[in-house]
């Protein structure tokens, strides 16, 4: 048990610390693919450091809610990181929240961010909040559906258990999982404000979603938000790994498997970042009103996955 | 009073009812004394607390019954307090306490005439709802039910000079009446056929009545129509978005938060208690209707620009979710999966309780906003967080709760509901197995959309900049109002943090309805229905962890980085001339929804003209049901009545002819 | 009490007179249906009353139903004298002796009348067979009179003819009472007579009121209370 | 003795008022006489309740639970209406709509009317019953035309002719009844005594009685206002003075229905079939449905409530037609509550129209502002008549509908649709009348609200706590009606 607590802490801290690395890696890959000179891998940390040290400028109208939001969002992401198995399955904290609660945590962070965006009362902030919520209400059910499909196979909504079942099942091709996987990818893209749904690198009024929400943040608040964004991407990636390629995660009580698990995680994350970069390079950002169609497709795929599970696998 | 033995809980509730009735009656002679009238509300609140306490007693103690020898000869008023009514009494009492405390502050600025009307009907309304929960025979139930409708009608129309309010009241009472007629039919079918005379109307006779499947289905359908009309089930929901905004806010709070649950209670009473056997298709029907209601409600909530209307539609949505769960419970119970039925029912009851609290909170908070700003339209609101911090923060809790976000109470019940859905595989009916994933998806969609709606609601009203210069003078709610809201908000938090305890508390009600309690595999800290390995949720540790991380991060950041904070104008990408009109309006926020779900509604848009000095865009989304269902009925009625009127054309010879022909026809008939 | 069976000889001729009078009543009813002039209508009404009175008197005398004589007296007094006289006076005073235009086509009315008579006869047949009275076969005629008067009320557009139709209907009912049961109990007869008297009195007041207000007795002015 | 008091007081009152009716205290005298009548009625009721059914005067009069309850109701509503008419008619005079001479006519006829109805209720003789029904009609014809407006005259004329013709059919029916009775009971006055008839009803000739019932039903049914014989009713209610509308709706219709029911008992006994009941159900249902659709078309408030009376009379007729203990009980209860409620409504409507100067509902607005008592009176009265609990109308409708569901399921949809339409139509109008903004000033004088609230409280008591003795009474009456 105590080992579990240590592992839990270790893994969470690792996630928090390593999250900007994944962002940096993705950016590097993308720059390479686009023929630009890549920023160093540590660029994300530098940016965070810089932001933390900077003077914070707050809008006059900003309320305490605006100031509290970065902390809330960041804590939510840390919590999420504490639930998703990355290295080991032995997570004493995980009964606190299952996948549905995980979706809830993400939603909480998002709602706070959207409210904060509306707090100052600028045109961009409200616009961003609206678009963010639009994306969310389509993405969230799709995400839930993905989880449900997986949980139908694993008979649980507890992540460690799901991972355990998925990793130790007899090897078989689950078409439902394939559908769910594609849907999950689409949802993650939307949730993490990546191309083709959103572009994290632009500040164009017509296209931006996430960036519009955090326009008014600066200094340490912005740093926290950026860090949360990185952490969110990391958690999502870990989630994808846990659900669809869970092999390698150390089972309960098997400390010896940990180094291998770490290696596997790094490898999978690297591949994941690369894939993300490739896809971002290949696709163009879509019009805002194509987004519902995009997410609708994800939703449909997830539901199809569930139906297929009933039809073929049960 | 016969048959009172000792301090039976039922007799104690009866005391609460009498208290409320006495307050109502006392208000009539005191109708000119403002101070006395206002003093009635805290007393009503205390009575509410008392009723809630007795409700808990009803949950924990065995059922108790009482016969009060008033009412119909041969059919005295039968009262009974069992766990199910105990639960709803608890709900009623908790809601009533908070709202009544609030009402003391809210009503004190009313004109005396309106205050007097409110002071008379408000306690009467509470008493009627209590009686609905206690009634143990069809007659008493109907009387209480209609008294509830009547008193709430008078509360809705307390400001009757406004034509819209009258229209809303009319529609409300009409729908209530139609619902009551359906209930009458339901009880008519249920009438215990083993008994004759007046005794056939007692619930105990109905419980033992033997019905054919057709009769039972008929009774259930009538009950569904009757209670659905009160609950606002689509397509019987049309009154709700009209009546709730029309009422004074505490009344809206009670109606939305508490009265709608009486419909749930009624359906549970009829469907699970009076009808001993259920059929699976009832569950499917309720499920489908519930989903439709939820989806319809939330979509329309998203496109409203009147805050109370928005909340009213959101109530429709929540009722939809509740009924979805109920449908699931029926399906499970028919299939003999009583454990799962218990899970679904727990979700239903939990959500009902939650909704009673957060919707009351939101409605009363809206009342404070209305009082401070004088408008319900979002286009004239904004930035109230800074003027009304108490209201703002307490409302934030309500908003987060209703949006189904952890660690508040809304999340718990929605989590339970989703868990219930996840357990559906393995039903005997295969088409259900196929259908339920889609249903699950819809529930998820509704929950996500609810968050959208609430961000819109809170963001537009409390955040941003005031859209109307007059809002500079907005004032904070007074101490009574704050206390009321505080009560409701803390209840939301507590229910969110201690779900295991709550589930234990409501388990007698679940036991009574589903025949089994929901087993919690996780102890008092962790909520783990059925099996901890399948799913668990522990809000208290969750909340503590969040808090810990938050404090840690805050501490670290503040300790490590001590950078200055400077206040300046908003950045806005450097755009200099920022005005409040540049923020998203309510219509703007609803536009994507209008766009995506355009087939659900008919949108009337008013576009600004090029020469407008203050260009304004407005869009009103009209419920399609009006066109599909209600207007054709009205037209048909009018047509029929015009045709009938042709009979009456004033010429006496014709009238004589009618008599003559009648005579001849009858003579031929008897020959 | 003379039983019909035993005194076939005596009953023979008076019964024939009664039957004749009954036929006369029916004829008068038809005549009233056809009559266009108000004055003529009033005299027909008086004649109808007279025929009623005579037939009742004959029955009273020959069957020793002496109480029927009260009824005869009342009929003579009311329906042959007072009411016609009153109506004549009204007609003169209010100047409404103009022709009565029926609402319905004349021949159609007659045809309907005949159908009604057949209908009434059929209706009365089983009942009159049960009756113990000497003039039971006239019940059908009484019923026909009632229906014909009803028809007459329907087809008239002026107030007075309508009232006369109403009174004729009362005559038919009286005739039925006599023919089926040798009249109603005396109290009832008296009561009915009182009602008729009061009714006519009320009617008189009424006519003046109508006249005052509408300046005509045409019912077509009184069709304003309607629903569309 | 009590009986003579009951019948004599209004007659004496009528004579006195005929002389005195235009003087200063005539209205008070009217109230006084009505009150004494009420006292006699109560005393009689108590006696009958204690001692059971009794005959008076060698069988000329007969009191049992059924008619004594109607006597009580009639005397009560007669008294409260007199109370209401005192200020009402005074204001009418002040407005110049009436002269003192007509007021004399009014007062005298009012007492005659009450006397006629009491006679109709107490007499044992079916012939006298007819005579007094006709008398009640005649007493009110001139009251309907009291205002001498063209509309009032037209209404009165239709009332006179249609009811006259109708009641002539009833006379014919009575003749047929006598014809049948005479064979069993022998000729003479006793053959029309209801108690005697009732004793031998099984031996009465069925063919005759069924024919008789048709005529009686059409005849008295015209007075009840059953569709399609109802055409006089809305006119007479709308154009007469409001107190008369109140007693017409509240009392006369009941008494006419009483006449039908007395006859139905005999016919049922003779026929041994449900024919009479089915006919009544048919008429009742038709009345309920047609009247409720006609309500939708109204713009005149008194007309609207007149149609509502048709609807409710139809409801009662339907209930009595169904027969059975519960339905008849409900029918009797409905009689009571409808009489009380409808007259209360007419009282408030009277004051409202007087104030607004029009009977058009579009012209009557904001009663709540003019006088809250008036507003609440009309509002609650309407709620009550529409069958909203806890008022007694709901109770009876509850029983009627639930019984109908079990006995004649096919009829329930019609009943309920009609109730729904009537609800929407009436309530939509009343709400605006009571609540909407008005430019009229407050009512200068205090309206006569005591009768209104007295009636409503009684109806409320009937709805939530019916006293046992009353229930026993109703049950006895229901038993008498063959249930």
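Order of writing sets the chain letters: A, B, C and D. Residues in each chain are counted from 1.
In this text, contacts are C-beta pairs under 8 Å (C-beta built on N, C-alpha and C of every residue); 3 or more make two chains touch, one makes a residue touch a chain.
Given the structure is predicted, the values throughout are model-derived calculations rather than measurements.
Taking the CA centroid of subunit B as reference, the farthest chain centroid is that of C.
Taking each chain's centre as the average of its CA atoms, subunit B and subunit C sit 70 Å apart.
Distance from the subunit C centre to the subunit D centre is 31 Å, each centre being the mean of its Cα atoms. Subunit B has its Cα centroid 36 Å from the Cα centroid of subunit A. One inter-chain figure worth recording: subunit A and subunit C are separated by 101 Å, centre to centre, where each centre is the mean of the chain's CA atoms.
With touch defined as above, residues shared between interfaces to two or more other chains in subunit B number as follows: 642, 645, 647-648, 652, 656, 659, 663, 667. Each of residues 123, 150, 153, 162, 219, 222-225, 227-228 in subunit C touches at least two other chains. For subunit A, no residue reaches two or more other chains under the stated contact definition. Chain pairs that touch one another: A-B, B-C, B-D, C-D. Subunit B makes touch with subunit C in their complex at residues 642, 645-653, 656-657, 659-660, 663-664, 667, 671. Of all residues in subunit B, only 382-383, 385-386, 392, 396, 400, 403-406, 411, 415, 418-419, 421-422, 425, 433-434, 437-438, 440-441, 444-445, 447-449, 451-452, 454-456, 458-460, 463-465, 522, 526, 528, 532-538, 541-542, 545-546, 549-550, 553-554, 557, 560-561, 563-573, 575, 578, 580, 582-584, 588-589, 592, 595-596 touch subunit A in the complex they form. Across the complex, subunit A meets subunit B through its residues 52-63, 65, 71-72, 74-76, 78-79, 82, 93, 95-98, 100-101, 104-105, 107-108, 110-111, 114-115, 118-127, 129-131, 133-134, 136-141, 144-145, 148, 151-152, 155-158, 161, 203, 205, 215-216, 218-220, 224, 289, 292, 299, 302-303, 306-307, 310-311, 314. Interface residues of subunit B, counted against subunit D in their complex, comprise 70-74, 113, 139, 142-143, 145-147, 149-150, 157, 160-161, 163, 166, 169-170, 173-174, 177-178, 181, 184-185, 187-189, 191, 197-198, 201, 637-638, 640-642, 644-645, 647-648, 652, 655-656, 658-659, 661-663, 666-667, 669-670. Listing the residues of subunit C that touch subunit B in their complex gives 103, 119, 122-123, 150-151, 153-157, 162, 219-220, 222-228.
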